[in-house]
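In the two complexes below, chain A is the common chain; its partner is chain B in one and chain C in the other.
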Partner chain A sequence: MDFLRPETLAEALELKASRPDAVPIAGGTDVMVELNYDHRRPAALLDLTRIAELREWTPGLRVGAGVPYVRIIDELGAELPGLAMASRTVGSPQIRNRGTVGGNLGAASPAGDTHPVLLASGAVIEVASVRGTRMIPAADFYLGVKRNALEPDELIVAVHLAPAKGPQQFSKVGTRNAMVIAVCSFAISLFPEENRVGAAVGSAAPTPRRAHQAEEFLASALDFSAPKPLLDSVKREFGELVSQAASPIDDVRGSAAYRKHALAVMARRTLGWAWQELLDGEQQCA
Partner chain B sequence: MTLTPAELTSAVSGGIGTSPQRPDGNLKVRGEFAYASDLWHEDMIWGATLRSPHPYAKIVSIDLTEALKVPGVYAVLTHSDVPGRNLYGLEHKDQPVLAVDVVRYQGEPIALVGADHPETALRAMKKIAVVYDVLEPVVDMETAVDDTPLHPGGNLVRHVPIRRGSQDVEAEVVVTGRYEVGMQDQAFLGPESGLAVPATDGSVDLYIATQWLHVDRDQIAAALGLPQDQVRLTLSGVGGAFGGREDLSMQVHACLLALYTGKPVKMVYNREESFYGHVHRHPAVLYYEHGADHTGKLVYVRTRMYLDGGAYASSTPAVVANAATLGVGPYEVDNVTIDAYGVYTNNPPCGAMRGFGAVQAGFAYETQMDKLAEALGMSPVDVRVRNAMTEGSVMPTGQVVDSAAPVAQLLKLVQDKPLPAGTSSDIRELPGGVSNTTHGEGVVRGVGYAVGIKNICFSEGYDDYSTARVRVSMVQGELAAAVHTAACEVGQGLVTIMQQIVRTELGIERVTVLPMDTTIGNGGSTSASRQTYVTGGAVKAACALVRDKLAGRTDIGSEVIDETTEWRHRATESLDPVTGQGNAHVQYGFAAHRAVVDVDVDLGLVRVVSLDCAQDVGKALNPQAVVGQIQGGSAQGLGLAVMEEIQTSGGKVRNPSFTDYLIPTVLDMPPMSIDVLELADPHAPYGIRGVGEPPTISSTPAIVAAIRAATGLALTRVPVRPEHLTGT
Partner chain C sequence: MRVNVTVNGEQRQADDVWEGESLLFMLRERLGLPGSKNACEQGECGSCTVYLDDVPVCACLVAAGQAQDRSVRTVEGLADGDSLDPVQEAFVEAGAVQCGFCTPGLVVQAHDLLDRVPNPSDPEIREALAGNLCRCTGYEKILDAVRLAASRR
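Now for the complex of A and B:
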C-alpha cells in the first residue's frame, strides 16, 4: 500500500488525479477501522493532514474539511450551534480530537452524526479536482449507503455554512449515554428572516435525508414575524411528517418502528426547544 | 516506558487492611502497561485462524493448495496436524482444537496459518478452500434436548434437580413468571493474545493472558501429545478476564504453529475475532412460581430454568449447578422444587462469566420478589426482609449457612441511604446524555431494590487448592521476601494482596512478587471470587512456615529460607443427583443494591442516577480494591440491565464489535455510595469473603426494578431495550 503525503492541496489534487484509487485519510477514525478489520485494502492512502488550508476555517463561514470536531465545538459553537451539538455526540474525546466533518462526508454513512445538521442548515460542500472546483448542496451530496457525489479524482475541501440566523437543534438516539452510534438522529434549523425551516433525519433511510413535507408544513404553520407559543397540534403534525420522511430498517441497533417513533419524539422536542429560544430572544429584544 | 523517580520509589507498602498503591495502576492509565498483545520476539512469525462462517455444517473438504503457495507462509495446519488429543474442555473434553468433519458454531476454528507478517497470514487464510454442507442449526434452548443431537450423548449437558420439603404444598398468594436473560459478553478490553516459543528439545514456552495457567497447560500438553513438563506457561499482561479466559482460545494453536515451524509464533485476535474466540454468559429462560402466605412469608418456590451452553460444554455443568443451588436467592424457603437444564445448541459457546449462573437466576427470583410484594401490597424491601436468610439458615440443598448472612442488614443499609436530588437539568445527567434527546420531557424517576447470593470458591467436591512459595533472604542488610505462585493477576490486584499478606505475616517490608508461571505448583483458577481466599490462604500458610524458621531473627546472614506449601479450603460435597441435597459450597457472599433511575418514557432511554450498594466482605484486605470490585461488578450488572447483549440470529452473531455491543461509559455509570461490612467468616483466612461476583448479581435486578417502578411495565427480559419501553 502506498502512503502519499502531499504538502499542498494542489499536490493532493494532482495525486488524486493520477491515483483515483487512493483513499483520502485525515483523522483516520473511520478509515483506520476499515483497514484494521480488513474490510478494505486500498492500493494507496492519501494523507491530507499536512495540508494547512484544510485545517482552517474562515468567517462567512468556510470550514476546512480537516477541521476536527473538537475545534468546531470550541471555536464555532456560537455561529454553528447545530453542527457543534452534533459534533459533541461524535465518539469519545479522543475521536473528536481527530475526526473531521470532511471524513464524515467522505464516508457518507447514513449514521454519520453531522449529516442531518448539514442538510437542515443548507450547507454546501466544496469539492475540488485538477479540473476545478464544484459546489454541491448537501441535499445533492448523499447518493446511497456510503456513497456520495464525489468523482474519483475529487477531494472534499470545505463545507460552506452561513452562521446560524436562528435557533438550531440536534438530537440523536443511542442506547448509551455517550460514545454511541446513532440509532436515529434529527436536526432542525429555523430561518426566521426567510420564514423557512430546515429539517433532516439521520440513520433512518439509506442516506441522510431532508424531511421536505415537514419543513413546508412548519414554514406555513409558524408565524416568525410574531412568534407565539407553539400549539401541541403543530408539534404533533411536524413529528408525524418527520417520521413519514424516514424509511428505516430493522437492524441490530433498533427496529424500524422504534426509529419512526423516536424521530417523531425528537422532532417535537427539538422544535419546542428551538421555538422557545426564538420566543426568549423576542422577549429580550422587546 | 518512562517512570518518574517519585513513582519508582513511592511507598508501595502496607499490610492487610491498608490500600497500598498497585504497581500496574499508573502504567495502565497511561497506556504503558505491557499486555499480552504487546509481546514480541526476535524472528517471530504470526498466526491466523480460519473460522467457520456457519453455525452448523459438515466439512466436505479442505484444500490448502493455494494458501501454501502464498510467499511468506511457513505452515498451514488442520486437525490432522494435531499430534495429541484433538479435544479439550474444562469439564467435558468435547471441543476440537481444530474442526474435523463438522463445525458446530459460527467462528469455530478449522485451520491455522503461520506467516512472516499478520497480513500475509490473513491473505493465505482467505485462500484456504473449505467446502461445507450447511445444516439447519439448533438454536432454541427450550427444545434443544429433543432436537437434532449435536454431540454423541445428545443435547443435554446437565440437569440439576433440587427437591426439598413438600412438593405439592399450596399457598395463599401465588405469583408466576417467565424471564429471559440475553447473552452477555465479558468484553475484556485486552483481546486474546499469546506468544509461543519453541525450544530445541521439542518443548515449548507459552507467554499468555489467561486465568488459570495449569489447566491451560494440561489441555495444551494433551493436544500436543507432550508430557506436561514440556509445556511451560508464563503469565503475560492480562487486560481483563471476567471468566472469558477460563477456556482455551489460541493457546494450543500458537504452540502447534511454533512446534511445526520451529519459530516463535504470536497470535492476537482483533475485537471481532475476540467475540468468536471466547465463551459468553449463558442466555437463559427461567420459569418461576412463588407461593407465600398473607404475611409475605415464602411457602414454596418452584422453578424450571434453561441455560444455553451453545456448541460446547465449557463450564456449563457448574453454571447450571450454581443457577439451581442459588435459584431461590438469599431467602429461607422450606419447600423447593428446582430443575435447571444446561443444553447444547449451535449458538456461540457459553461458559464462565462473573456471577456464573447466579446472575441469570438472580434476575428472575428478584423480579418474582417484586411481583410478590406487589401482590401482597408490601414494599419490595419488606417482603425481602421478611424472608431474608441469616446465619443458620438452610439452603435448598440442605446446606446450613454457617457464617454471616446479613441479608436484611444489607437491604436496610441501602434503603436508609439518602436519595439523590431530583432530576438534573444538565443533559449529561439525563437519559440520552450528550445526545440531547431530552431537557426533562418524558423523564420519570423510579427506585428499585435487589439482593443476591453467590457461592465463593469451587464447589461440589472439587479439590480446590493453591500453591505458594515464600523465600526470605538478606538484601542490603535487611530481610527481603519473594513470593511465587501460579495464580493469575488479571487486573484484580492479587500482586498487591500477596505483598500485603507477606508484610503482615512476616513484618518484612520489601516483598517482590515473582512472575506467575508453571514452574511452581497449581494456583487454581482466577475465578469464583477465590484468589484472595485460596492463594491468599496459601501465601499466609507459606509465611507461617517461613516464620517458624525465621524464629524472630532480623538478620539471617547468608541463609535463605525457602518454603513452598499447598493450601486448600474446607472440602465440599457433590449434589445428590436426584434430590440435589449436599454441602456443595464453601462460602456464600451477599450484596444488595438500591438503584434510582430516570427513564425517558417517550424514547425508552434510561439514565441510572444512583446505584448504591452494601456488601459483606468478611475482611477488607485492601479496602480500595474491594470498593473497586464492587464498582466494577455493579457496572457490569448495569450493562446487562440496559445495554449489553450479543444478539444472535440463526446461531450467527449480529453485533461482534464495540460499535454495536455496548458497555457502560462513565456517563452511564453513576458514582456509588458503598457500605462494606466486615463480618469475619471463621472458616476463611483473615475471615475474608470473596468480593468480585456478588455485586454483579444484584445490580441488574435493582436497575430493572427501578425502571419498572418508573414505567409500570412488566419487563421480563434483560437487557431492557428502548423498544421494550416504548412498545415499538
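Now for the complex of A and C:
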C-alpha cells in the first residue's frame, strides 16, 4: 500500500489522476473503520488533511470539503443553521473534531446526516480533477447506496450553500442522542422571499432524496407574505407527503413501517418549529 | 514507511509502519505508549482518545501517516513528572476508576473539556463525554471526578 501526502489541491488532483485507485482519506472516520476491520485494502491512501485549501470556508458560502463538523457548528451556526444542527448530531465530540462534510459526501451513505440538509437547502457540490471543475447540484450527486457522482479521478473540493434566508430545521431518530446512525432523518428549509420550501429525507430510501410533492404542497398552502398560525390539516398533509416520498426497507435499525411513521412525525414537528420561528420573526418586525 | 511525529513533546520516529495502520497501533506497538487503549477500533468507545495538534480524536481512526510532522499528546503526557494532572488526581479520589480500561480516554477528553470550559454544567460534561463508554462505573463517579477537577482548577 502507498501513502500519498499531497500538500496542495493541484498536487492531490495530479496524484488522483495518475492513481485513480487511491482512496482519499480526510477525517478517516469512515475509511479507518474499513481498514481496521479489513473490509478494504486499497492500493493507496491519499491523505487530504495537509491541503489548506480544503480546510477553509469563505463567505457567500463556500465550505471546503475538509472543514470538520466542529468548525461548522462553532463558526457557521448563524449562516447555516440546518447544516450546523445536523453536524451536532454526528457521532461524538471526537468524531465531530475529525469528520468532514466532504467525507460524508464521499461515503454517500443513505444515512449520512448532512445529506437531507444539503438537499433541502439546495447545495451545490464542487468537484475537481485535472480535467477541470464540475458543479453538481446535491439532487444529482447521490446515485445509489454508497454511490455518488464522482469520477475515479475526481475529488470533492467544496460545498456551496447560500446563507439561510429563512428558518431551517433538521431532525433525526435514533436510539440515543450520541453516536447514532440515523434510523431516519428529515430536513426542511423555508425560503420565504421566494415562496419556496425545501424538504428531504435521509436513511429512508437507497439514497437521500427530496420530497418534491411535499415541497410543492407547502409552497401553495403557506402564505409567506402574511404568515398565520399553521392549520393542523396542513401539517398532517405535509407529513403524509413526506412519508410517501420515502421508500424505506426493514433493517436492524428499524422497520420500513416505523420509518414511514417517524418521517411523518418529524416532518410535522420540524415544520411547526420552522413556522413558529417565522411567526416570531414577524412579530419582532411589527 | 517511516513516520516522524512529536509525541508528548518529544520528537519520535517510527519505522516499518504499515500504510494502513492507525495512529493508535503505532503509539501502542511501535512507540511503547500503551496508555491509549484499544477496545473497539471503530470510534465508538473513546478509550483511544489522544490530542492530535491539541484536538481530541480517536487515535484508532487516524492513519499513522496522517500524524507525520504533527504533535500528539497521549494520557502519558498529561502528568508533570511524578505529579499527576488535576484531572487524573480527581479520577483517583472520586473513585472513577474500576477496571481502568476506559480511563485514559476519559481523562484526555475531560482534560480538553476543562481547558475549553473551566466550569462546565452537568449537561456540558455529559455531552463532552458522550463518545466515551465505561462498562464498570455507571458514570456517576466519573461525573463526580470531572466536577471535582473543575472545582480545583
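Convention: the second predicted complex is superposed on the first by the 286 of 286 C-alpha atoms of A that agree within 3 Å, B and C clash if a C-alpha of one lies under 4 Å from a C-alpha of the other, contacts with A are read in each partner's own complex, and residues count from 1 in each chain.
Rule of thumb we're sticking to: a contact is a pair of C-beta atoms (placed from the backbone, for glycine too) under 8 Å apart; a residue touches a chain by one contact, two chains touch by 3 or more.
Since the structure is predicted, the reported quantities are computational estimates derived from the model, not experimental observations.
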*Applying the touch criterion given at the start, work out whether A:S171 contacts chain B, chain C, both or neither, answering first, second, both or neither.*
first
*Just chain B (first), just chain C (second), both, or neither: which does A:M179 touch?*
both
*Between chain B (first) and chain C (second), which, if any, makes contact with A:Q213: first, second, both or neither?*
neither
*Taking the superposition as given, does A:Q244 touch the first partner, chain B, the second, chain C, both, or neither?*
neither
*Figure out whether A:V265 sits in contact with chain B (first) or chain C (second), or with both, or with neither.*
first
_If we overlay the two complexes on their shared chain A, which of chain B and chain C does A:W273 touch? Say first, second, both or neither._
first
_Looking at A:Y37 after the superposition, I want to know if it touches chain B, chain C, both of them or none. Which is it: first, second, both, neither?_
both
*What is the shared patch of chain A, the residues that chain B and chain C both contact?*
36-37, 177-179
*In the complex formed with chain C, which residues of chain A make contact?*
1-3, 5, 25, 27-29, 31-33, 35-37, 41-42, 44-45, 47, 49, 70, 91-95, 97-98, 177-179
*chain A touches which residues of chain B in the complex?*
122, 270, 272, 428, 431-439, 441-442, 602-605, 607, 642-643, 647, 654-655, 659-660, 662, 664-668, 721-723, 726, 728
_Of chain C, residues touching chain A in the complex_ = 1, 18-20, 22, 41-44, 46, 49, 55-58, 60-63, 65-66, 68, 109, 127-128, 130-132
*Along chain A, where are the residues that touch chain B in the complex?*
36-38, 85, 88-89, 169-181, 183, 252-255, 257-258, 260-262, 265-266, 269, 272-273
